[in-house]
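I have a structure here, written as C-alpha cells, and I will follow up with some questions on it.
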C-alpha cells in the first residue's frame, strides 16, 4: 500500500466524516460520562458565594455567530442565578444583537418559573456602543450613562436599578465573551479600578490565553465553551443542550485525531520512500 | 406548530443549507445566503447606531446637558470622509476615540496585564513538594524564555539562542492546546445547527439538499 | 510662513490631552479631572453610535455603486441592499416586533451561525494537512493538541482515564507560561504603541499616511 497517498485524500471526505460525526449522536445519543474540572467548580462556587440580595451583572459579549457555544452557557448561568436571591442586570458591549440573545435566553429559561419579575429581579439594559469607554463609563456612574432599558422603559421606574450605581455595587460580573479583549476590559476597568469580582466563560478559541488570569486569581475560574457548560450543567444538576452536544463533540474529536494520525502515517510513508530511493526530503 | 412557523423554519433551514453548500463547492446559493447575512447585520447595526445616537446623544441635550452637542458634532465629523476637501476633519473624532482608548487601556492595563501577571510568575521553588517546585520552575523558565523569544531589539545569537529556542517550544505547546480548544468551540456551532436541522420540519430540507448534490455529482460525471 | 500647529499636529495634541485626562485621575485625585474624565467617556458612546451608522452607509454606497456600474456579482448587491433596508426599517419601527423576531432570531441568526460553523469543518482539513510532524517543534505542537483533544472529548476520557490530569497539567503550566508571556508582550506592545502615538511617532492610526514618491 502506498502510504504516501494518505496525504492526498480529498477534503470533501473529511467534511463528510465531520458532518456524520456531528449528526449521528444527535439522532442516536451515546451518553458518555463527564468528569468535572476544578476550574468549573471555581466558577460554580463564585456564583454560590454571591450574598443574598447581591447584584450580578451578566454581559453577553457575543453575537449570533457564536450562539451555539455561549447561549447554553448563558442559560445555565441564568438558571443557577434565578435559584438564588440575587438581582441580575444584563448589559452588552460586544454587538447590537446581544440583547436579542438575552431575550431568547429569558424565554427559554422563564423568569416566572423561578418566581422572578422583570424590573425587580432582572433587567436587560441592551447594548452600549463604545467598548472600553462604555465599560469605564458604566463602572463610574451607571445612571448617568444608561437612561432606559432595552425596551425603552426609564430606569428610574425599575426598582432593580436602585441597587446599581457604580461598579462597586456589583457583587459578581459574569462575562460571556467571544472576543479576547472582553474579559480584559472588565478586569482593567472594573476589577482593578473598583475591586469587582469577575468570572464567566468564553468561546474555545480565546480560553487558553485567559488561563494566566485564572492562575493569578484575577478571574474566579472561567468556563471553556461547550465542555465547560456541560460540566456546569452537571454540577448545578440542570442538564440541558450542552450535555446533549458532548456526544457529537466526542465523535468529531475522534475524526480530528484520526485525520492527524492518517496524515502523519503519510508523512512517514514519504520519509521511508525517500530513504529507500536515496532522494533527499 | 402553525403553518407560519413551519414555513419560516423551512426558509431558515434552506438558507442554512445554502450556506453549508460551500463545503461541496463554491456556488451562487452560498453567495445568496452570505449577502443576506451581510445586509441583515449591516441594517440591524445601523438601526442600533441610530438608537444609540438618539438615547445617548440627543436625549441628554433635550434634558439640558448642552455639552453633548460636542459629541454630536464629533459624530457628524466622521462623515466628512465622503467629501474630499473636508476629509481631514475625520481625524478629529478619530483622535478623540484613540486618545481616550489609549488612556483607558494604559491606566489599568499595566497593573492588570503586567504587574499582576509577573507577581504570579515569581513563585517559590523551595516548597516541601518536589512536584510543585518543578511546576513552578517550568512556569518561571517558560515565561522568561517566551518573553526573550519576542525580544527583537538585538540579534538572536550566543546565549540568547537556546533561550529563544526553549521559548519557541513553550509557544508550540501553548498554541497546540489553544487549537484543541478552538476545535471544540467551533464544533459547538455545527452541533447547534444540526440539532436544529435534524428536527421537524427541517429534515425535509436535508433530503432536498442531498438529492440536489447527488444530481450535481451525476451531472459532472456525465460531463466528464 | 510655517505654522507650528497644523493639520498634522492637532490630532496628536488631542490624543495627548485626552490620554492624560484619562490616566491622571486614576493615580492622583483631582476632582475636576475626575468629572471631565467620566463625562468624556459618556460622550464617546453616541460617537460610537455614529460610527455604526457610518459603517452601514459605507456598505450601502459601495453596493449601490456596484449595481449602478453593473460590476461582477451586482444582482447579489440588490439582495444585500434589500435585506439592509428591510432590517433597518423593521428594527426602528415600533409595532413590528413579531416580524423583527422572526426575521432576525429565526432566520438571520441561524444563517449567520452556519457561515461561522464552516470554519469548524475547514479546521478539520487544516488539521489533516497542517499537522505534519517534521521537526521537534511540530511534534510538540501536534502532541499537545492531541492530548488536549483526547481529554476534552468524553470518549477520550473513557479510553484514557488519566487524560484530564495530563491536560490540566499542560494547560496550567507550559501553556499558561507561554500564554502569559504572550499576553505580557501584547500589553507592552499596546503601551509602547500608545506612547508612540502620544509622541506623534505613529500617525497611521490618525489617518496621516505619507505616500513617498520615488524620484527616477
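Note that the chains take the letters A, B and C in the order they are written out, and that residue 1 is the start of every chain.
Everything that follows uses one rule, which is that a residue touches a chain if its C-beta (ideal position, glycine included) is under 8 Å from a C-beta of that chain, and two chains touch if they have at least 3 such contacts.
Worth saying up front: this structure is predicted, and the values here are computed from it rather than measured.
J.: Name the shape of the chain contact graph, picking from line, ring, star, complete and other.
T.: Topology of touching chains reads as complete, every chain touching all others.
J.: Can you check which chain pair, A-B or B-C, has more C-beta pairs in contact?
T.: Result: the pair with more contacts is B-C.
J.: Taking each chain's centre as the mean of its CA atoms, how far is subunit A from subunit C in angstrom?
T.: Each chain's C-alpha centroid was found; their separation is 17 Å.
J.: If you average the CA atoms of subunit A and of subunit B, how far apart do the two points sit, in angstrom?
T.: 13
J.: Would you kindly tell me how far, in whole Å, the mean C-alpha position of subunit C lies from that of subunit B?
T.: The mean C-alpha positions of subunit B and subunit C differ by 6 Å.
J.: Mark out which residues of subunit C touch at least two other chains, giving numbers and ranges.
T.: Residue numbers touching two or more other chains: 26, 41-42, 44-45, 47-49, 51-52, 104, 108, 110, 112-113, 115-117, 120-121, 123, 127, 142, 145-146, 149, 152, 171-172, 175-176, 179-180, 182-183.
J.: Can you tell me which residues of subunit A touch two or more of the remaining chains?
T.: Correct list: 15, 18-19, 65-68, 96-97, 128-129, 131, 133, 136, 145, 193, 208-209, 212, 215, 227, 249, 252-253, 256.
J.: For subunit B, what residues touch not just one other chain but two or more?
T.: As it turns out, subunit B has residues touching two or more other chains at 23, 41, 44-45, 47-49, 52, 56, 97, 100, 104-105, 108-109, 113, 117, 120, 174, 177-178, 181-184, 186-187, 189-190, 192-193.
J.: Note which residues of subunit C are touching subunit A in the complex, please.
T.: Contacts found on subunit C: 26, 38, 41-42, 44-45, 47-49, 51-52, 104-105, 108-110, 112-113, 115-117, 120-121, 123-125, 127-129, 131-134, 142, 145-146, 149-150, 152-158, 164, 168, 171-172, 175-176, 179-180, 182-183.
J.: Mind pulling up the subunit C residues that touch subunit B in the complex?
T.: Interface residues on the subunit C side: 7, 10-12, 14-23, 26-27, 39-57, 59-60, 73, 76-77, 79-88, 91-92, 102-104, 106-108, 110-121, 123, 127, 136-138, 140-146, 148-149, 152, 167, 169-188, 190-191, 194, 197-198, 205-208.
J.: Could you list, by residue number, the parts of subunit A that touch subunit C in their complex?
T.: 7, 9, 11, 14-15, 17-19, 30, 32-35, 37-38, 63-68, 96-97, 100, 104, 128-131, 133-134, 136-137, 140-141, 144-145, 193, 208-209, 211-212, 215, 227, 246-247, 249-257, 259-260, 262-264, 267
J.: Mind pulling up the subunit B residues that touch subunit C in the complex?
T.: Result: residues 8-9, 11-13, 15-16, 18-20, 22-23, 31-53, 56-58, 67-68, 70-72, 74-76, 78-79, 88, 90-100, 102-110, 113-114, 117-118, 120-121, 135, 138-139, 141-147, 149-150, 167-184, 186-187, 189-190, 192-193, 196 of subunit B touch subunit C.
J.: Of all residues in subunit B, which touch subunit A in the complex?
T.: Residues of subunit B touching subunit A: 23-24, 41, 44-45, 47-49, 52, 55-56, 59-60, 97, 100-101, 104-105, 108-109, 111-113, 116-117, 119-120, 174, 177-178, 181-195, 198.
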